[in-house]
Amino acid sequence: MIIAKVVGHVWATKKEDSLSGLKLMVVKKLSGGESFVAVDVVGAGIGERVLTVSGSTARRAVGKDDLPVDCAIVGIIDAIEVDKEARTKNE
Amino acid sequence: MIIAKVVGHVWATKKEDSLSGLKLMVVKKLSGGESFVAVDVVGAGIGERVLTVSGSTARRAVGKDDLPVDCAIVGIIDAIEVDKEARTKNE
Amino acid sequence: MIIAKVVGHVWATKKEDSLSGLKLMVVKKLSGGESFVAVDVVGAGIGERVLTVSGSTARRAVGKDDLPVDCAIVGIIDAIEVDKEARTKNE
Amino acid sequence: MIIAKVVGHVWATKKEDSLSGLKLMVVKKLSGGESFVAVDVVGAGIGERVLTVSGSTARRAVGKDDLPVDCAIVGIIDAIEVDKEARTKNE
Amino acid sequence: MIIAKVVGHVWATKKEDSLSGLKLMVVKKLSGGESFVAVDVVGAGIGERVLTVSGSTARRAVGKDDLPVDCAIVGIIDAIEVDKEARTKNE
């Protein structure tokens, strides 16, 4: 699961029928900054940090296994607590 | 889901039988510029920005789970709206 | 399977219902340092080196195939023994 | 799907039984140059540009879902036509 | 499928029950040098070049689809023959 930030929206009129009604958001990986598109199932808003899943797991998250979806937002992050010592010490 | 741009076509006479009749397009990731080949199911044209899915999801998009396809174009993008502040501010 | 180090926790109140009760940890790849979030099923603690799996395998590890989970901690590493000669010699 | 070039062969006497009889070729990604091994199902030869699929899709391509195969050559490319303007213009 | 070299062992006492008895080896990608952990099903030894598979394919290789395994060694490489001209010429 990747921590990302919601940065925008995408609109596509001409699309696979089964994508109709899904909310497509542009998210940006927090570490690294790569952008991708995810289907939001938890009501996330611009600027929020979210938890995303990809691949076949994203279809499970959206709830129908035959959807053409490979990335989904599954949680809105309240807090991240990282232990500085553990993060920087290399063994 | 990756935002990409359609940049070309690929032709392969000698191929897996089940690929016959599928429209194979060369697409280029918008952020980063890597190129790959995707099966188009929405009638995309050269120069258009599209939404692509990969892996087992691409087989779902093309509609038959036993096709040797791992990337598909599932939407033609009308508009992308990115919040500048959200995109550049790092927390 | 990736060797990573547990460096923190993530909290998300608003999330996919099925994620409730799962322990979400921030882990950092030992080689490379990229961070991601994994569900812990073996009782790992901050600072420990762990074995993680991703994709559909992570759902198997957590034990329910319809969970929106794509990364899991499946072992706590006691020891890593690397043969220096094998590692550095390039054929 | 990735465009790659066939550059060599791999031999492995000691292997998973179900790999017996499969033709293992070394292929090199056309953009980027990374090398990997793919099972050839279309009769590709050294120097040819091919279309490869990976992951669970490769098992479908080889035709048996329980094979330990995660990359396959599914087409021999006759021609690639890329629109120069579309490829270089960034929006 | 990735060509890698076996460079070490990993031990984990506290782990998912179903991992018990599996041989966990540290392998290093031949091109690039990234390290990861793979379950050995062919009796590979330190210093040998091996063929690895990942994702759902690795579970097939180990023989049980519900194992928390996403990388496996499926062959010991005897020889790699690469055509120099094909490898270096870019079209």
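Each chain carries a letter (A, B, C, D and E) given by its place in the written order, and its residues are counted from 1.
Going forward, a residue touches a chain if its C-beta (ideal position, glycine included) is under 8 Å from a C-beta of that chain, and two chains touch if they have at least 3 such contacts.
Treat the numbers as computed from the prediction; the structure is a model and nothing was measured.
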{"item": "Centre distance in Å when chain C and chain D are each reduced to the mean of their C-alpha atoms", "value": "30"}
{"item": "Separation of mean Cα positions, chain D and chain B [Å, integer]", "value": "18"}
{"item": "Where chain A touches two or more other chains at once, by residue number", "value": "55-56, 58"}
{"item": "Chain contact graph, described as a line, ring, star, complete graph or other shape", "value": "ring"}
{"item": "Running round the ring (origin chain D, first step to chain E), the chains in order", "value": "D, E, C, A, B"}
{"item": "Chain B-facing residues of chain D, complex", "value": "1-3, 31-32, 41-43, 51, 53-58, 60-61, 72, 74-83, 85-87, 90-91"}
{"item": "Residues on chain E engaged by chain C in the complex (per definition of touch)", "value": "5-16, 19, 24, 26, 28, 30, 34-39, 46-47, 49, 55-56, 58-59, 65-71"}
